[in-house]
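So that we are looking at the same thing, I have put the structure below in structure tokens.
Per-chain numbering from 1; labels A, B, C, D and E assigned in written order.
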Amino acid sequence: MQSAVSVKDLKIAYGDHTVIDKMSIDIAPREFLVLLGPSGCGKSTLLNAIAGLQDITSGEVWISGKNVSWEEPKDRGIGMVFQSYALYPRMSVRKNLSFGLRVARLPKAEIEARVARTAALLQLDKLLDRRPAELSGGQRQRVAIGRALVREVDVFLFDEPLSNLDAKLRNELRVEIKKLHQRLGNTMIYVTHDQVEALTLADRIAIMRDGVIQQLASPAEIYRRPINLFVAGFIGAPAMNFIEGRIERGDGAAPVFLGNGLTIDLSRYSFRAVAAEGPATLGFRPEHLVLDGATSGLPTIPGRVAVVEPMGSDAVVWFDWADQSLSLRLMGDVTLEPGDALAPGLDIAKASLFGADGSRL
Amino acid sequence: MQSAVSVKDLKIAYGDHTVIDKMSIDIAPREFLVLLGPSGCGKSTLLNAIAGLQDITSGEVWISGKNVSWEEPKDRGIGMVFQSYALYPRMSVRKNLSFGLRVARLPKAEIEARVARTAALLQLDKLLDRRPAELSGGQRQRVAIGRALVREVDVFLFDEPLSNLDAKLRNELRVEIKKLHQRLGNTMIYVTHDQVEALTLADRIAIMRDGVIQQLASPAEIYRRPINLFVAGFIGAPAMNFIEGRIERGDGAAPVFLGNGLTIDLSRYSFRAVAAEGPATLGFRPEHLVLDGATSGLPTIPGRVAVVEPMGSDAVVWFDWADQSLSLRLMGDVTLEPGDALAPGLDIAKASLFGADGSRL
Amino acid sequence: MMARPHPNGPKPAQITAGRIGLYAFLVIAALFFLLPLYTMVVTSLKSMDEIRLGQIFALPATLDFSAWATAWSGACMGTVCVGIRSGFWNSVAITLPSVALSVFIGAVNGYALSLWRPRGANLLFGLLMAGGLIPYQIFLYPMVRAMANINLYNSLAGIILVHVIFGLPLVTLLFRNYFVSVPEELCKAARVDGAGFWRIFFEIMLPIAVPMVVVVSMLQFTGIWNDFLLGLVFAGRDNLPMTVQLNNIVNTTMGERTYNVNMAATILTAIVPLTIYFLSGRWFVRGIAAGAVKG
Amino acid sequence: MSIKRKPNLSATIALLPTWFVAVVVFIGTMAWSIRLSFTNSTLFPSSTYVGLAQYSKLFSSAKWLASLQNVLIFGVLYVAGCLLLGFLLAAALDRKIRFESAFRTIFLYPYAMSFVVTGLIWQWMLNPTLGIQASVRSLGWESFVLDWVVNRDMAIYALVLAGVWQGAGLVMVIALAGMRGIEAEQWKAARIDGIPVWRIYVSIILPQLGPALAAAGMLLAMGVIKTYDIVVAMTNGGPGNATEVPAKFIMDNLFGRQNLGLATAGATVLVLGVIIAVAPFRYIMHMRDKAKGAA
Amino acid sequence: EDKPTIEIMSSWTSGGEAAALNVIKTEFEKRGGVWKDSSIAGFGAADAAFQNRIVAGDAPGAKQGVIGLAAADFINQGLFNPIDDVASSGKWADALPKSIHDLISYDGKVYLAPTGAHGESWIFYSKEAFEKAGIAQEPKTWDELFADLDKLKAAGMVPVAWGGQPWQQTKVFNMILLSQVGIDGYLKIYVDKNKSPASVEGVKKTLEILGKLRGYVDAGAAGRNWNDATAMLITAKAGVQFMGDWAKGEFTVAGKEPGKDYGCMIVPESKGMVYIADSLWFPKTGNAETDKAQKLLAEVVMDPAVQVEFALKKGSVPMRADVDKSKLDACAQKGVELMSAGAIVPDQAIVLTPQQVGALDDFVDEYWSGGSNEADAAAENFFAIFE
């Protein structure tokens, strides 16, 4: 099948500082791709290059089967939503939505129909005559989305559209965007550095670091089987716990992980290749620890509670073990207090192991 | 015991627009009180009044057993951290930290010792000679906290200290603040509109709306037994599900809740008073729904999946039921797809019921 | 255009008509702005005979710097023929303290009005703005009397005071607009730290207002340096600024007009503010960008 | 019981000198002027009250009426012209231009020139027998006419031209700073929407520069009512009354014509005019500040 | 030191003026005085500075100003020192024409020291231009003049080098007026402010002539300085200029000689000459030293040698009737003749208050630049300036 968007051998450099190097991705029609990565890793740069807002150093950008590397942004069949909304401040919502169409000299009736449709879809009907300054953050963001939608194109680009909103609004709009995608079925490329957004929205997530894609896979895959230490640490809140140690195997016996006095049998861990001896990092998520480790028959990590963070439906317990602070997620009510001893058990089948070079074993 | 901070009959008005009306709170020494509420509800105003940065219209402010209503901020024994950091832009971190001490003409040695201690505590040692502009957001916030700490006072006031940071940093610094409080044992008053912060940090939360405290209680109490609809809706992510309906009781029989075709037996619900017939709202949190309602013997709410939001450790499923969108939280992997039918069961013992006036029944 | 090659990498640059038009506009505008300066310079280098021929834009046939020498040190004012040289230092002596003082007071005003808002702040600001709009010819007469009463008439201190007074509205306006955009929390933080009004001003606000100080200083400098009327009326015989002498050279009603000397004298008088703009225009622009002038 | 903390003493004290200036100098002299405008004062203040006689004389003076009309025309065109040209120049410079800083300096330098110099040089350039007209004619275009300073109908526009030459650079700097402050994402959004560049400047950027341009307009307007030097230097009010302005009228009557009563009457009318013109503006500013505070 | 020291405030800043002032200065210093110069170009600026110093109670020791009502207010307010003793010991009453002596006296006391007079009824013409236009003789009547102007025009020159500033225009008005109403008529109008039908008729005829002149000036006339106008004669671009005798200085600087390169004539049909007289004013300074210096200065100014020397430098006519006129040029000699014959009338600045002078300027300027030919109506309005 033809890709909706594809980037071939893309390289972008400012002077001799290469921001994106030899990148190639294919994005399928109707796919929701999230670009996730730390600040400065080149997410916006990539998105801008796709939109035609950024000069590329070499490589090609294809949209809907057409090489658009040299096209003007308006001719690429894309709509874009920006982090700062970038609404035209002195125009009413209606004008914001219709400005591009009026400049393109669409028939009046067509413009009105499109604006009405978009406004209805995004529940902006009642706001059409307000100015951006008279809108709340969430409303502004909806208008920004509307301005992209009204163009009725196949590909939408979102550059951290929610990061200026407060937590509550962010959660609400996230769901709305997801519904929108299900309804419209357009291709969407969505940049964020918020991993909750990435996990909840994406069909596939591309995790970037320094202009290079680390892992491109489904959210579940990325969460469960991170390809390397960077991805593992980047995804998950609270972050994955890491313990440094070594993998050793007796003669022919199952490999074990030794770290800081801890010995963990790795026979239930599914290695990607045959496990070699050597330094390794064991990573496991807070929910992979079971509070009553003793009864579970799992290897235990004894420690002392440092901080308890109740979050309503669940709670995160931070405990100290061997100079490290590890986290453990509990459902429901927690009776632990700072200072209490605990020895949670670790489910090694769900954990991840990384070799000396940081990649998954 | 003497209160660390207490506010008596406080009223603050701009002209004839009353922002805070007849407010009284007592905050115990070592307590971590979080003021939570939507934007514009008067949180900052209250904090500023306690700090002496805001003229009060009537009432009194007591700190450590002293009526400080007329004292200058510096004489109130408080330290304050601002949302925008408010670091002195032209001073190095060291000077930022020591400014207040120099103003107070403390001996040089003492100043140095305090700065060193604070810098060590907040891991600012290596940043001491930088200017604020040369720091990252998180570092700036740490300096702002340091500037309050270095005053070595009993009461700290935080005005949304984390809201300008990104999600990851916010999570990290939140834990640090919690640890700090545990270590220092000062009284802290912390303003936020992020409920995760409120839930995780607070000993008690005061939920404000339009200058009036709605509920002042422990995070667990507020999460589990919200006093009214506003509190119930404000706390929790995703928000509590609400169903409008009526309470009816047959003759002498146990009361039931009727809403949109749903009939729920309320005999396991612990009413605050005797349940009266009349309109009511049923509220329940996403985690109070059990996916396999049929087998659980609970009343079921049949619907169709609209959106699935996987979040790694858990997932939120949004499903449509009778024109409404309800949410349901699931642990671990979810195999549901949009469009699937489901009929989760509701654990009424954990739910909340609100009367016509919005207050808890 | 050639057959389109396979697009790859950056779009090839093209020179468009719009771009050419843009440069044409800029060049024409630059000519419009430069023409007067060019004329002045060229004229100052011509001899009077050549000027009488009336080709003001023509380059001088021979470079004749004598007009400059005359203007600087030889031109007569009445029976004294010392050029405008003597006024130069008077102008410096008047301008520097006036600028320093008015910028300082303006900064304090702007800071107090916007960040402390004492009682009547709005009224005061309104009065100042009204004062700023009133032509100061109106103030001359009573001011002269008042200055005489406090024994400052015809003195350096007197003219400086007058400049400071008449500079206040503009300077205060600019600083107030700037400080309004400074986060209030900065002031609050400093108050919690125990700093008072002045301490906050000197240690925190003044340092961040440096770009503004540059802008206001430049505006005030040109304004005061270029002033003629106030200097004439208040400075006194021993402190007359350069502009009064320029007027004496340029504005003679009876007698020959030596345009070359006039132009040389004019340029000489303007040269200090011009130099400042040419050298520190960058800072001026930066200061404006930092928020010197906004609504 | 009302608990108001004592207002900050230092802030009040710091503003005392300014209060003094505002009340004693600005209001005091105004009161003095208003009083004299009801007397028959000539060279010196007299205390013979003549009621509104000076005012009726004032408003039967063709010169005064012309001066009011002129200052209005000049003010509107000068401010509008500076804003327009300044905006255009800024927009041009905003387009990633080579030699930007050189252009910027060229456009800004006239602001360092005094109005006197500006007036002199432009009166020379626009003089038909000396300036541009003569030069163009000597090139062979015999029918070329550019005689604004001596043409009764055009003289006021000559003033405007000179004023715009002097002041447009300031607006350019302010507008450019504003344009640079517009977030890059708006440009991107507009490019995706396919908005032509000129349209972006007109429909998106211009409206956003409103406050900055208003502030620039305010700065220029402060100079308008005071307009004196440039008129004296350029046309001395002529031809006829074509460029007579109130400040000059007042100045002439104050000194040359020894007519204090008439001068102060004119001043009073002018101040009243200023207040009437400025009050709505101040009110809007005030309301906006209020709205800002509430937001 | 106890040398009599004095600060002189003047607006004489141009070459000739300054040289003339220097004559007084040199003699004053020779007689032991100390001279402090405060020259400010431009009447307006100098007047403003002077008045402000009076207001501030910091008057200069002397101020150059015209003889006339401008000084009256100061004297009435008691702000000036009389120099009666100098005048009587120097027998000024004998040396000066009576009209002048009257003008410098107030309430029987002499206050002003006259430096020199300027004739203001002059037409200067370029001989070269006249030749080119084929004009052989000086015109005797206005009609002849206009005929000559037509010739100049036809020859492609600017007929009248017009100085388009109000004060210059008013001077032209006055010289025409004198030619139309005669000496008595002129005095009736300006001194007696008499609005008789004859006066109105005279003004009307004056305005008609003035209006006619509009057709003979060039485009650049408005706002033109008189010396720029003179330059037009020097380069023979223009034919004639109406101006006071100070214009001679311009010709001299350009190396032109009277009678050879340019000519001077009293305006056609004029029986006399309008004059303006300069003087020194002596404000009270409360300083005895300065009072002494003022007296010394008054003596110096009226010294016959100084008077002549001054007149030569300034291009004016000496005030004293009893001086050696041989050194004066041809034009000045004509002026002195008229003066001694008493065929002179004062400039408006001498007989009108500054307010009225301003109103007259406005009136003439309004008529001139308004382009109106309604001489009848305008003549009616003329007398409003005396109100």
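Here, contacts are C-beta pairs under 8 Å (C-beta built on N, C-alpha and C of every residue); 3 or more make two chains touch, one makes a residue touch a chain.
All values reported here derive from a predicted model rather than from experimental measurement.
J.: If you walk from chain to touching chain, how few steps can bring you from chain A to chain C?
T.: 1
J.: What chain lies farthest away from chain B once each centre is taken as the mean of the Cα atoms?
T.: E
J.: Which pairing of chains gives the most C-beta pairs in contact?
T.: Greatest count of contact pairs is found between chains C-D.
J.: I'd like the Å distance between the centres of chain B and chain E, where a centre is the mean of that chain's Cα atoms.
T.: Distance between chain centres: 90 Å.
J.: Distance-wise, how many Å sit between the C-alpha centres of chain D and chain E, to the nearest whole number?
T.: Each chain reduced to its C-alpha mean, chain D and chain E end up 38 Å apart.
J.: Take the average of all CA coordinates in chain A, do the same for chain B, and state the distance between these two points in whole angstrom.
T.: Chain centroid spacing, chain A to chain B, equals 26 Å.
J.: On chain D, where are the residues touching two or more other chains?
T.: Residues 129-130, 210, 251, 254.
J.: Touching two or more other chains, which residues of chain E qualify?
T.: 43, 48, 55
J.: Could you say which residues in chain C touch two or more other chains, in rising order?
T.: As it turns out, chain C has residues touching two or more other chains at 140-141, 229, 247, 250.
J.: Which part of chain B faces chain C closely enough to touch in the complex?
T.: Those in contact with chain C are residues 48, 51-53, 72-74, 78-80, 82-84, 86-91, 99-100, 103-104, 147-148, 151.
J.: In their shared complex, at which residues does chain A touch chain B?
T.: Checking each residue of chain A against chain B gives 39, 163, 166-168, 171, 174-175, 178-179, 182, 193-196, 199-200, 219-220, 223, 235-238, 285-287, 306-307, 309-314, 316, 318, 329, 331-333, 338.
J.: Which residues of chain A touch chain C in the complex?
T.: Those in contact with chain C are residues 55-60, 67-70.
J.: Spell out the residues on chain C that touch chain B in their complex, using ranges where they run on.
T.: On the chain C side, the touching residues are 183, 185-186, 188-195, 199, 203-204, 207-208.
J.: Given the complex with chain E, which residues does chain D contribute to the contact?
T.: Residues 42-44, 61-63, 123, 127-130, 147, 149-152, 155, 235-236, 238-242, 251-259, 262.
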